[in-house]
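Shared between the two complexes below is chain A, which has chain B as its partner in the first and chain C in the second.
This part shows the complex of A and B:
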């Protein structure tokens, strides 16, 4: 998929997701988190119709509820006792803290789905290789060999079954032994084949120059710079707010009231600008095709 | 001045008693298409590796290799990598990185090319090879043929002057192989790229090559253009070499009394011209009697009824309501394109995979109801890659440990072991490590391991892949002996010539089902493309003749054929 937000250079996209995760972890404001979660769900729906989100939303909700429920049960901090649960006080503060934690977690999880749609492994490698070129190269080789090794081990298991080495029947110890047998064959065989890979690498000049370049087809255009600037500015703005305590929501020891004063209003407006960036980009893409 | 000049080259591997190359003298002009052929282990690969400096094997070199008039080792490191490119035999293991585009860029990245140069070259190469669609695909989704084309493209991006190809089509199916060779031929003609290719199947490269070099035991035995080398080999005393020549040349040589060098056919068109009048002169009788009879009156030993199989829930059926009967004593070959599901069918028939629908019966019993141990004893399955079978350090251990395991289940295991070691000629290899054997020897060892359980049915998955002609004949003899002992053989193969000459019946797997099953004669003579070169040449006169032997028999009678073929 290469349209909308994903059509940008990987750097602004990556920065956006990283900054979002940071914000979701440090700003414990229920309104900010609710907005962020809504924005991320909307983004997911705009990106792939929410297909990927649907696959995992069940687990996310389960996980979120678990945290929401467990926090008040194990944490008894806070002033306002709501009721007693098996002689333990359940406080309003703990309930709200649980809710905030749930929202924070859900935002991060949903953002991660969208992240996977936007930052493909190839883009990640590109970002990674500019910092750690050798490690990135190793990762790409490893990624090549994961499916190869899986296929090989399946083939070996199938054939060894006909020779009486089966990992699905027999006693536990026997099965472990048989599994080891398969791994041994896999390793010896793969080492043997790796000789050919290394010959092929040398034949194409691997290691003859120190300054190996890397081929990635990404260029920062004006649009990418603009978006990058926008992200940095709005993210910096929110960080500054957080630093100054604007939009700070107190939970412990006593929960503060959710008031809409000018500070909070400005803070939420700043949040909206930040959260809207990918959505506006996705939306603008749609407008072209209206 | 020749582009590559090899003078008096000798090479000995460390600790080897004999030289791998003996006094090799070859000169290759710029733009030539050279094919090096010869039996496995004749030194083809060694010679090619010596021309590619980065992968030169350890050992003692004597003699000179000049590249553009300079000794090869004096060329700059960079120049050697760029100007001499090499593609290896196995399409899979040459690939280093995960996606097509990364793999293409690999060589250029190594040499530190700028991003713009890389982009331009990749763009150009992709349009030449039609790779645009798969540019961002993971390499493991490519077929063998596509992988080999990727390997070639990735080498060509460095714009080499010389292309070294080490049996590049040995692991491909016939269609993939033809496509690959066509591309190489185009490169040779359109860019005048010098090509040096090792190959032991001359059938496909015969009409493409300018020069053919025949090597044996490290020495150059014959050298010349396709016609003159055929002439030399046909005139030489050594009849076993004749098997290396394409079937059309052999057919011509058997039919014609006084062979003319000019007349030797390189393709079907020329073959028709050369032998047409010979067929007219001889009173030809079209009676191919060599089809081994199938006794259809008996009960099938393996009965496949309406099976459907797919690998994952959301994938299409790879086998779709497929039915097939195999009778005792039959030698059935299953043909079909790449990815048609031939290997899967074999695994289902071996009871290794459970079809979603339908049943496989072995001697009337549902195969999946037979206890696994008994099932695998009675139905021998030999996978495409023999490496999967080896567990131990030596060939001897591999065989004796297997025999030990089977002692209580199979009668007379020791005599059988002795018999097979003898039959397969494994005796001299007993102390070696299974991984150190040649491809054919590995196949034989794996087959012995499978045969020790005294199976009634033997399932073979492309066993002749990468065999040289001599080895194929010895393999054919082994199969004959096995069939005579009453084993039913089901073989998946791409090797039309081998199938036509040896199978008792052929089946085509297409679109998930067996579309036709017939004797080789009927099967191939009805086909238009998918038949032997011999049949394509003589079909108007002898529609039923599919092998060289058939044509000779039709022209000269039974006696002559026996005498001729006894030599080989």
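This part shows the complex of A and C:
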């Protein structure tokens, strides 16, 4: 996928997801969290028609409800007792805290789905390689070896089967032994192969130049800088609000009322600007091209 | 020269400890509100010194590919067993690599194996926790070997057994922090450890069985490569 939000340089995209997860973890305002969740669901639908979201939505709802229900049972903090459950007080505060945690968790989980669509492993490695080039290179190689090793282990298993070494029959210990036999052959083979790979790397001049180039060459364009600036500004704005206590929602020891004064209104408007960034980018492209 | 090196190492150690102390102080100030973000920062900070060390090392092509291959092997070992919780040869391969190639390699193999296996099994907030847990499993194995505490097979088995539980307990902490339950008490931690006892026992016993059955053969394969090509001395 290479359109909309994902067509930007990886760094503004990465920063957006990191900042979103941070905000979802520190701002407990129910309205903010609801807005964030709705925005993330909308973003997912715009990106791939909500296909990936549909696959895991049941599991997410189950997890969310679990927290929503467990918190009031475990935690007895708070002043407003609603009722007694097996002689344990269930407080309004604990219920609301459970709800807030559920919204926060759902926002993070849904954001991760969209993250996986936008920041593919190669983009992540591109970002990582500017700070830790050697480590990123090593991870990249290891990533490439995984499919090779899987294919290889199937080949070995097939050959071993003709010799009667089978992982699907026999006693438990026998099966573990047979499985490990395959892994040991795989290791011996692959380590030798690794040496051949590295000799060929050396023959092509690995280690001669200090600065390694990257296969992917993302360049920051004017558009990327604008979006990056916008994200930093609106994120900083929200952090500042949080620092000053605007949009602070107190749960313990006594839940505060949800009031809509000017401060909260401005705070919500600021959050809307922040949350709308990727949606506007996706939407604008749609308006132009579709 | 030697003195200068030790001096530098001391300064770095002090810097690390101070930054961790500052963050812990911040988390005390922020009380029990921001356990999750603080835990992430601490996890990432704890991994950075290892990466910096690795970046500085002069490694030739053979050693780079070897570390990558060991990580891939440990990661692949995890994938076919994904359906059986806590039964996998990854921990065993991580410990064996540390025994053969030293503590730094042990850390890198455990760390990378967690990162890249999650690309196939699903990346999430648990990734840094697994990275640190498996990394520390490899690091402690190599470290105990350096101080000659891992000579007999019984000790190795015991080590694998203990780490089976430690790994599970570290993962429990992740779950507790992620659910951000408002009262994290010792009682809650204890009950989560009791709830996961069966899985941790599986992991621990699985490590012991692998150690008993395959320790010699793995060491043979790894030492052969090490001796034959003179790698990672």
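Definition applied: the second predicted complex is superposed on the first by the 288 of 290 C-alpha atoms of A that agree within 3 Å, B and C clash if a C-alpha of one lies under 4 Å from a C-alpha of the other, contacts with A are read in each partner's own complex, and residues count from 1 in each chain.
Here is the rule we use: a residue touches a chain if its C-beta (ideal position, glycine included) is under 8 Å from a C-beta of that chain, and two chains touch if they have at least 3 such contacts.
Computed from a predicted model, the values in this text were never measured in an experiment.
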Tell me which partner A:16 touches in the superposition: chain B (first), chain C (second), both or neither. neither
Output check: A:201 vs chain B and chain C. Expected answer is one of first, second, both, neither. What do you get? both
With both complexes superposed on chain A, which partner does A:156 reach: first (chain B), second (chain C), both or neither? first
Contacts for A:217 in the overlay, against chain B (first) and chain C (second): which applies, first, second, both or neither? first
Looking at the overlay, does A:143 come into contact with chain B only (first), chain C only (second), both, or neither? both
State whether A:132 touches chain B only (first), chain C only (second), both chains, or neither. second
Once chain A of both complexes is superposed, is A:209 in touch with chain B (first), chain C (second), both, or neither? first
By the touch definition at the top of the document, which applies to A:188: first (chain B), second (chain C), both, or neither? both
Under the contact definition given at the top, report the residues of chain A touching chain B in one complex and chain C in the other. 121, 141, 143, 148, 184, 188, 192-194, 197, 199, 201-202, 206-207
Going by the contact rule at the top, pick out the chain A residues touching chain B in the complex. 121-122, 140-141, 143-144, 147-148, 151, 155-156, 158-164, 166, 169, 181, 184-185, 188-189, 192-194, 196-197, 199-209, 211-217
Complex contact set, residues of chain B against chain A: 52, 54-55, 77-78, 81-82, 85-86, 88, 90, 92-99, 101-102, 105-115, 118-119, 122, 136, 138-140, 151, 154-155, 158, 347, 350, 352, 372-373, 376, 380-381, 383, 385, 387-391, 402, 405, 435, 449-450
Using the touch definition from the top, list the residues of chain A that touch chain C in their complex. 22, 25-26, 67, 70-71, 74-77, 94, 97, 101, 104-105, 108, 112, 116, 121, 132-135, 137-139, 141-143, 145-146, 148-150, 153, 173, 176-177, 180, 183-184, 186-188, 190-195, 197-199, 201-202, 206-207, 252
Of chain C, residues touching chain A in the complex: 33-34, 36-37, 51, 54-55, 59-62, 64-69, 71-73, 75-77, 79, 89, 108, 112-113, 115-117, 119-120, 123-125, 178-183, 188, 209-210, 213-214, 217-218, 221-222, 225, 229
